[in-house]
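These notes open a run of structures that come right after.
Consider the two complexes below, in which chain A is the common component and chain B and chain C are the respective partners.
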Partner chain A sequence: MSSTLYAFGSRKSRLVPYLLLLPGLLLYLFVSLGPSVATTIYSFTDASGLLGTAVHWVGLANYEEFLFRGANARDNWEITLRTLQFAFLVTVVQTGFGLLAASLLNQRLRGRNAFRTIFFMPVILGATIIGLMWTLFLYPLGGPVEKLLNLLGTRSDFMGGPPSEAFYWIVWIQIWANMGTTMIIFLGGLQTIPNELHEAARIDGAGAWATFRAITFPLLTPSLNTNLLLNIIGSLQAWQLMLVIKGPTNGLNVLGIWIYALAFGRQSNNPTQAAMRQGYGAAASVLLFLLVLVVGLTAQYLIRRRERRLLG
Partner chain B sequence: MKRRWSLVLLCLLLVVPALAFGQAKTTLELLIHQNDPMVNYINSMNEKFQAKYPAITVNVSVVKADELATSTQTRLTANDVDVIDMFGFAQGILPFMKGVDKPNWQTLIEAGYLMDLTGQPFLKFYDASAIKDAGSFNGRVYEVNTGRYAFTGVFYNKDLFAKYAVKVPTTWSQLLAAAATFKKNGIAPMTCGGKDGWPVLVAGYGILLSYYPDQAALVKGLWTGEVKWNSPKSVEMWKRMQILARDLIEPGASAIAFDAAPGRFASGAAAMLPAGSWDAPAIQAANPNLKLGYFPMPASDNAADNKYLGGKYDVGWVVNAHTAKKDAALKWLDFFSQPANYQEYVTATGIMPTQPTATLNTAFGKEAKPYLANFRLGFELLWANIKGQGQWMQPNASFFKPFNQWEDPAKLADQVQADLEVALKAAK
Partner chain C sequence: MNRTSWSRNVGLYLALIFIAIIYVGPVIMVVNTSLKAKQEFNLNPSSLASGLHLENYANAWKKASFPLYLKNSLFYAVVATAIYAVTAVFVAFPISRKYVKGHGWLFTLFVVALFLPNAIIPQFQLMLHLRLYNTQVGYILLNLVDAIGVIILINYVSSLPRDLDEAAAMDGCSYFRFVMQVVFPLMKPALASVILLHSIGIWNDYVTPLIYLPAKQLMPITRGLMVFYGQYGNDWTTLSAAVLLLMLPMIALFLSLQRWIIAGVLQGSVRG
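Let's turn to the complex of A and B:
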């Protein structure tokens, strides 16, 4: 009869895995779940965020104001639609570019490792450095891109211009800043595909595109799914780059930065009469969470269905 | 013998830490907004203050003006700030204002975050009216306001004006003619710190003031419906704001940060800079040889409408009511308020003084003096944001291209009025 040795006696040792999980769980509770629950409770109050100020329970008033009250509600719906547009563009383009970069950098190329590092570097730079870099690069009074446009007989205000133009520049910078992560995940997926499959396809006379379409891309499904979910969720919540580059700006805001503006009194250009409304901002962030949940779950359902169909 | 030395050692062990504690340094935390001349002056004044009070060290944190309110709230909540610069608060919520967001300063006072400074000895150095108008609430004093800035005027380069034989414009047509002359000669008519957004808003305030010199009446009229943002008069005002943003301010100004605009103007790249008088010291510092002038924005073709200078009470000092360094904070305020130090502050910053003994003896001060009799408090101090008010409900020249999306002044006027009416309806 075999016996298993337990370090502290059989009953206590069954507790060891849970004890080892406890620090992580506590960290999650204090840093993530706890503040999320607190934010949800806050969203039903008129809290300004100042300790010592009277806080009143207002029920669904913040939600009603955000979604239905006055011209404010119109602006909020416009911001929500813009957030979805932002997330769609960033997800599609970033995923596509990430796949392209990974495919190229999976080849046997001289300096391949250096290129991989260069592509990944923006991920570690941080929003402040990236924002400053691109502000200088796109400086409309003599910056490098402006000089190039002048040679072509035109000019642009880039991110300082009308929102219809500035928006796409910010989408591009968001993609540039995060494409490295997408590329690395795809690269990992490409390297799990056995070379024999590609060789077999080559022997059978399949070209590069046919091989990619019939073999590589289907087998990249797990990596694709991971990237799509990360990109959708990340881009729906994006706000740091926009804060560094532009700050809250009419006609350009997405939900992430709008929540910051509402909570910290930057929803108008009037610094004397600014008002911080953290209860209202909390309601907006709960709505953003619900949006991310709905979009994320829908995307996950569609992605999983495709994965089951392709890979069984 | 041993016992005697033991007693001496014991006494030393008790007394020395007590002495050290008694002379422990206090660090006074100061929070101010970015304004180069003010920051430089405060740093130099702090050296003199610390020399006078060696037990107090002053640590200054500087933030951008549009982040001051956020930083103020978070640091007061964390109780790690003692003295804060806060823009002067002119009035609270008026009886006819319903459904408005309470401004932060009022929330801070009512929550007990700002120290009541009523009766402090250094208040006697200031104009009673400035103390009342720009730092009091419900009869108590919470802020020591340090001065007013005008923000509806236009700085101009006297040498460029002389070179191209351009006279100081007193009407809108004259302003357009001056701009055309400069453009023809390759000089940008105006520059502005468009990157930060609010400098273009401020540049437009001069146009607003020409059309509505009584800004308090404007605010009330908007609430009661007597004044509309899309009346023929207002549409004309919006058209002129568009011309300012699109044609007078140089292309690419959207890239110029507000603290870089004075240097650009001082370099001669532009003939005029519509900005607040807080920029005067920075312009002079960038180019001490520049002959600087200032005139009210002439947005009307009737010169009599263009004689006003609008502005606000600007930097004021408030004290954290929960500070453990109350004595140090009040010493600092007292030191700042001493007439000799205050005069240096006025000269360094170009602020219009709120102490009767101080004078603005700078070149700019002499330029602005003739207009100060017609000083008016600006719209932004008097308006309270209404819950439900839309994002376009503001008299803001930066709504127009190239800074934002609007191209049709009449359509923008309709949008602004619609945003206001929806909010007023919801507020009743």
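Let's turn to the complex of A and C:
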């Protein structure tokens, strides 16, 4: 029934759209969708990253090793917990920070476009530039952040210090880099709220905070939900900045960078992990995928419930 | 303007300027460092540059093999984005118009990619077995797909009036000519966003070249910069100049085409 709408001749010429669609579709299946699905299959093998080595089916051994076998499994659980901690901190702070920036920029102010441009800029700069820029900004021997911390009576050992401190800096740099996207989505949501509502609230004598709580925030629900989901999914999978700034580092790794180190890790500093264990890495990939799925669906469920409550 | 709104505006500006300092601060540090002499930096990294040591830029250009890396980055971004844009329109148009059977199913196929496990390990095996590891062809091949862009295009096509198709067909225009000469120009706003985001993504990517392009003469600028950082990790004055040389084209691009970049990010966030 649908193809009756096709007006460009009949019979043979009907095939033309299929033929022209084919290259893009095949590329997509071949380079993206196929490999995504194949990750699951690889996770049941002992594939390595070297050509010519035999590949064996090992069943659930990779999963069993990752989750339960010895000291490495303990490390893996620690890495998983750290990933959740990273995602939680990034999601909460980035969403709040983005909402604050968007609310400030939604006022009638001269120069607000310039501010918007500045806040959004890092989104297009990429991990390499941002990573190097912040490494310099946090220079431990008299860099600006160190000087400022000295003034406040504390100090920072960002580069040489304990991983736990570098962790919080990387959380912050991740937020700094991506807040622009959150802000832009909130700004889009704020602009759909009719101005009359705010006027009416002001005439009723409501202050700025009361107006925000009673009118703006509830009406922002759709963009809040979009941002929460994007930030949860994005931060659970994030690792590029960590790779540029510190590389795989014990005590600092999250699942994303750990998968990279297992599968491609010429620089893995754990001698018990043979380099380029791609089957094992694939199993870790599947586990990360399941984690994203579970956390994402839970968040979605909670968000939907809140939405229903707000709509009465 | 009355007193309360005046003080309110001052408060707003103070908050905005505070955030702006957080955002501009690291950039100023890079600019400042790139203008210093090496000893000046070692003595006090935070002091203002006393002169203009522009030789840092010349050093970065030469020592960091900038011309080679820039040429590679440009080549990858232009070729991959051009092929991607054309194939993506030929995928998006008939799916949105329902000119192919199974259009709903095809649409789902592209949406599903956003939720599947990471593909890098099987991709690597694929490239290895095709003998495309460490080749330009292999690297470009990996950059020819992006589901979000296709979804943005599919959504945009539905805003184009269907009467156009019928009128063109009535005049004897073929499907291929119609897409090339009518659809492409009409899709300019969405295509601009998709093309910009795709090429910026390739330009900024560090992980893919790290995995696939170990040969120096094939490296794009992101990878090259990190190699330089590995070799001259303490030479922050030259390194800052190199970072700035990489950053300036992106900032120029962003300032001139901001509208489409932001539109693309917004459309991409809606996800179908």
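As a convention for this text, the second predicted complex is superposed on the first by the 266 of 312 C-alpha atoms of A that agree within 3 Å, B and C clash if a C-alpha of one lies under 4 Å from a C-alpha of the other, contacts with A are read in each partner's own complex, and residues count from 1 in each chain.
Assume contacts are C-beta pairs under 8 Å (C-beta built on N, C-alpha and C of every residue); 3 or more make two chains touch, one makes a residue touch a chain.
All values reported here derive from a predicted model rather than from experimental measurement.
Shared-chain residue A:V294: touches no atom of chain B or chain C.
In the overlay built on the shared chain, the residue A:L81 is in contact with neither chain B nor chain C.
In the superposition on chain A, A:L302 makes contact with neither chain B nor chain C. When both complexes are overlaid on chain A, the residue A:F137 reaches chain C alone and has no touch with chain B. Contacts of A:L51 after superposition: both chain B and chain C are touched. By the touch criterion defined above, A:F264 lies against chain B and chain C together after alignment on the C-alpha atoms of chain A.
After overlaying the two complexes on the shared chain, residue contacts for A:S164 are found with chain B alone; chain C is out of touch.
For chain A, the partner that touches more of its residues is C, with chain B and chain C as the two candidates. Put simply, chain A uses residues 49, 51, 139, 141, 143, 264 to touch chain B in one complex and chain C in the other. Of all residues in chain B, those touching chain A in their complex are 65-66, 68-70, 73, 76-77, 87-90, 101-105, 107-108, 110-113, 194-198, 201, 251-256, 312, 380-381, 383-394, 396, 399, 401-405, 418-419, 422-423, 425-426.
The part of chain C that touches chain A in the complex is made up of residues 8-9, 12-13, 15-16, 19-20, 22-27, 29-30, 33, 44-46, 87-88, 90-91, 93-95, 97-101, 103, 106, 109-110, 112-113, 115-126, 128-129, 141-142, 144-145, 147, 150, 162, 165-166, 169-170, 173-176, 178-179, 200, 203-207, 210-211, 222, 225-226, 229, 236, 239-240, 243, 246-247, 250-251, 253-255, 258, 261-262, 265-266, 269-270. Chain contact summary for the complex, chain A toward chain C: residues 2-3, 5-9, 13, 16-18, 20-21, 23-25, 27-28, 30-42, 47, 49, 51, 100-101, 104-105, 107, 109, 112, 115, 117-129, 132-134, 136-137, 139, 141-144, 147, 176, 181, 184-185, 188, 208, 226, 230, 237, 240, 243-244, 259-260, 263-264, 278, 281-282, 285-286, 288-289, 293.
On chain A, the positions that touch chain B within their shared complex are 48-53, 65, 69-75, 135, 139-141, 143, 146, 155, 157-164, 247, 249-251, 264-277.
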